[in-house]
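After this come two complexes, each holding subunit A, first together with subunit B and then together with subunit C.
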Partner chain A sequence: MTLQFLADGLIAGSTIALGAAGVTLTYSILRFANFAHGEFISWGCYLTLLISGPIGAWSASSIDAIGPLSVGWNVVLAAVLAMGLTGLLAVALDAILFKPLRDRGATITAVMASFGASMALRALLEVLFSSRPAYFSRDLQIAIRVTPGVRVTPDQIALMGITAVLVAALHLLLSRTGIGRALRAVGENPALARVAGIDVARVIRLTWLLGGALACASGVMMGMIVQIRPTMGAELVLPLFAAAILGGVGSVPGALIGGLIVGIAEAATVQLVGSQWRAAVAFLVLIGVLLIRPTGILGRAE
Partner chain B sequence: MTRASPILEVEALVAGYERGAPIVNGVSIAACAGEIVVVLGPNGAGKSTLVKAIAGLVPVVSGRIRLAGEDITARPAHAMVRSGLAFVPQTENVFTTLSVADNLKLAAQTLASTERASRIAEVHALFPDLVKQRGLPAGRLSGGQRQMLAVARALIVAPKVLMLDEPSAGLSPKVVEDLFHKLREIRDSGVGVVLVEQNVRAALAIADRVYVLVEGRNRLEGARADLASDPAIAALYLGGACAVAAAG
Partner chain C sequence: MPDLMGVSTYASVFLTMALINGIACLGLNLQWGQTGLFNVGVAGFVAIGAYSSALLTTAPVDGRFGGFGLPIALGLVGAMVAAGAMSALIGAITLRLRSDYLAITTFGVGVAVQLILRNEQALTGGAFGISFIPRPFASLADRPLSFGMANLALVGVLVVALVMALEKLVRSPWGRVLRAVREDERAARALGKNAAHYRLQAFALGGAIMGLAGGLEAHLIGFIAPEAFDASLTFLIWTMLVVGGSGNNMGALLGAGLVSVIWSASGLATGVLFAPEEQARAAALRNVAIGVLLAATIVLRPRGLIGERLIVSKHLGELGSGRSPSAES
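Moving on, here comes the complex of A and B:
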């Protein structure tokens, strides 16, 4: 037995954690499970791919790989721009679809509508980009041996570092700033937040913006480590929810822990049991944790 | 106290959650700076809906709301606060998962960053207990402490008018007395106070003027001294719309 599954799991778990942070934010503030969140992951990745082309054409040197990494600055810059665009996509989807339903008090309808939005957004990607896999880079990376039997690529190390930075930044934003205080206030009691002078509509837009941006980061990670396909986000949506619930809905550190647990559990299952069990294991872990701690690992009772 | 022109003027307000079924049906009230106005009425008279509509939480169908001469009708709730109209809801009026300090800081976020600390200090001076409790989640406070925090939170923006929806509900007589004592201090500092109450006896004791609503309309109004002997007020002590209707 080797410990390779730990490394694989941490990397997959980082991808899941970034998506789960967005799910946990929108759920805790709007009390609404958005099943189209996976599509923000796919769209974020394709937008990055789309934008990186013209940037590379405009500045040929930006295509050169950064140090030992497989991609150049054009992809990094494209990812930052795409994070903003994916955030705006999430804001737009809420304004067009979810907000009108929410205003009529139709929360369950909004959840169903998110399934519809998910299919429509995915189909649109297939029309625009075809369902053939795409890649940021076709270069093969040489994995570095970390300890005997455990190998990781430079991309994987960089992406785990970026995840840690993004999750820490989000956690600090929520726990230390006025914006975070407003987000928590709206999550607990939107009517009182309005009475306290908070522009709730603005806080909701900010929530979608943050969730969309993190989903994009998750998508770029997945695109670099695995491949870029229109279904990449949809396949991740159930592990995202498992991770968010496991960590405790509403808790960003919880989403990180939940994501890493789900990622490691999946990787361990693939290595030790068999890959056909991969999809089931997130839910077995989820059921196990919820039996012991119904609010999730870092969740608080309401 | 000399009567100035009203700081809050509400004219013929019609408001309700559903179109075509207004709960407040043409109510007019006014409050001056440095005056406590009490709104009484039986259950279902539309007292709560009236203050919620003024605060921007219930849709206004028609009518006019003016604050210090400025028309603020149908502004969103968060803008009402910024205009100087603060509201303390009846229930769930503090953020239980936030600390006492964060409840106040949240309200202070609507102020210019230079004013925040001084406003919080002024409110602490009025409610010294909150200083000791500042690190505590507001959900851990007792009912009376929560009500004090809710009033303190509303005062952070230095409002011209403070509206409270049945603040005495569920509190012991001693705590109601403390709370109403604070409301007197707030009035004496020049704030117009609008108080919706079921607790007629306690409310009449601090009222400068009184409005009585029945079925979403004005029924009676006047200075406390004039109304104290009114049979309609006496009927309110017994409660029930029928008693008031019969007395009227």
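Moving on, here comes the complex of A and C:
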């Protein structure tokens, strides 16, 4: 057994962590488990792919790979635009689907609605893009040897760096700014937050924007490391929830820790047991957390 | 008239499958409609029933576990016990926690069961599934119409018996406690009812009914494979219950029939309208429609076609209607 699984796990864990940060945010502030979050990941990735084409056509030099990376500035720019669009997609889904249910007080039903929405959104991607895998770049990257037996590609290093920056930024936003305080206040008690002069509707829109943007980033990472398929997000749903609950619902650093642990556990399973059982790891982690410490590592008891 | 025969045979097979989905829907109605418990892994519990019954009743096969050659009736009992026991186990772990943890965990059950079906060749036959499952009325198999009608009658009788039993349960003190727990757990506990206990019982019983649906599917088709139990089955069963009207057993059956018709008709339509190379996309289009139907019904008509009727006790009659189930407290 080599230590390669640690490197693989940290990289896969980074994509899970970005998605789990969005899940934990919407879960703690809107108080429901959004099964459509995986679809934001897929949609973000496909939107990036879609936008990067015209940008590349408009400026041919933007296609040239950046330094040792496999993609050019067109993909980076497209990813930034797609993060905004995915956020808007999440806001729109909330407006037509979740808000009416929230107003009716039927929060539990919103979980079911998100399940239906995830089916529709995923199948729509299949209709639009077919289920054939797509790629940002077909270039093969040469992995760099970090220590004996451990190799990573420049893409993977860059993406782990971006994850660290995004998660740190989100954590600082939530813990150090007035916006973050408003977000947490709505999560604690929406009625009281409104009395204190917080625009609850605006906070909810912001929550979806942040969650959608992070999901898009996670999707682009996954698209670069693995491949782009309509089911890519749906397959991440269970790891996302396992990571969010393991880290403690509502905690962004917890989502990062949870994501990395789930990612490393998956990579270890691939190496020790076999790749066909990778998807079962998140389920076992979930059952383990619920049995031993349902509040998660950094979570608080309700 | 061979044509009429063909149509009748098709109709009998179609109705049989719709009723089997209806049974799974009745199980979900007990969990969600009556007790407010999410189960997003319906397909997993149906699969446990199907595979348990198949392993108990088939003849031994080299390189695969099971093949005990038991009678079909015992297989169906085994299906209910296995699916019910799995539900009880999952319920025991998650029912004491936040309500959506059950949804997330059952979603995981669906994923894990699907993995086992595909990969544990020695237990489940892997991607090829299990074939040569004994079928009831096998002596009629060379006469398709009689065979189809006999199977339909068998499932029909089971559904009627199940609905009668469930209706009796719903109107019983036990059913009353389930709704009390769903509507206001604190009040139910104040009256000395152990909410966790009742939830677990309802969840396990609902799971057993889903297992029965799976067992019947295995025996009536004679062949099972992993694809039949993926997440889209869960979507279909949920759409049936929500469209028909959760909280109402008749609604569950009505929804099962209606959504089965929509599903089959759209399948026939896409088969005719789209070129062979576009079939995969056309199938995806059907899933878009079902997903939109589910979400739209939840928002626009939460009661479904025929929603829950409020019944306190069989001695009091009906108290009027018009309320959607399970608003969160």
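One rule holds for everything that comes next: the second predicted complex is superposed on the first by the 298 of 302 C-alpha atoms of A that agree within 3 Å, B and C clash if a C-alpha of one lies under 4 Å from a C-alpha of the other, contacts with A are read in each partner's own complex, and residues count from 1 in each chain.
Just so it is clear, contacts are C-beta pairs under 8 Å (C-beta built on N, C-alpha and C of every residue); 3 or more make two chains touch, one makes a residue touch a chain.
A quick note: this is a predicted structure, and the numbers were derived from the prediction, not measured.
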| message | For A:178, using the defined touch cut-off, is the partner it touches subunit B, subunit C, both, or neither? Pick first, second, both or neither. | response | first
| said: Quick one: is A:189 in contact with subunit B, with subunit C, with both, or with neither? Answer first, second, both or neither. | reply: first
| Looking at the overlay, does A:198 come into contact with subunit B only (first), subunit C only (second), both, or neither? | first
| task | In the overlay, answer first, second, both or neither for which of subunit B and subunit C A:92 touches. | result | neither
| field | Winner by number of subunit A residues touched, once subunit B and subunit C are compared | value | C
| query | In the superposed arrangement, which partner chain does A:169 touch: subunit B (first), subunit C (second), both, or neither? | reply | neither
| message | Taking the superposition on A as described, I'd like to know which of subunit B and subunit C A:272 touches: first, second, both or neither. | response | neither
| Who does A:116 touch here: subunit B (first), subunit C (second), both, or neither? | second
| subunit A - residues contacting subunit B, complex | 178, 181-182, 184-185, 188-189, 191-200, 300
| How about subunit C: which of its residues touch subunit A in the complex? | 36, 38, 40, 93-94, 97-101, 103-105, 107-109, 111-112, 115, 118-119, 231-232, 235, 238-239, 242, 280-281, 284-288, 290-295, 298-299, 302, 324, 326-328
| query | In the complex formed with subunit C, which residues of subunit A make contact? | reply | 32-33, 35, 96-97, 100-101, 104-109, 111-113, 115-124, 126-127, 130-131, 234, 237-238, 241-242, 245, 276-277, 279-280, 282-283, 286-287, 290-291, 294, 302
| message | Going by the contact rule set out above, which residues of subunit B touch subunit A in the complex? | response | 55-57, 76-78, 81-82, 87, 89, 92-98, 102, 105-107, 109-110, 153-154, 157
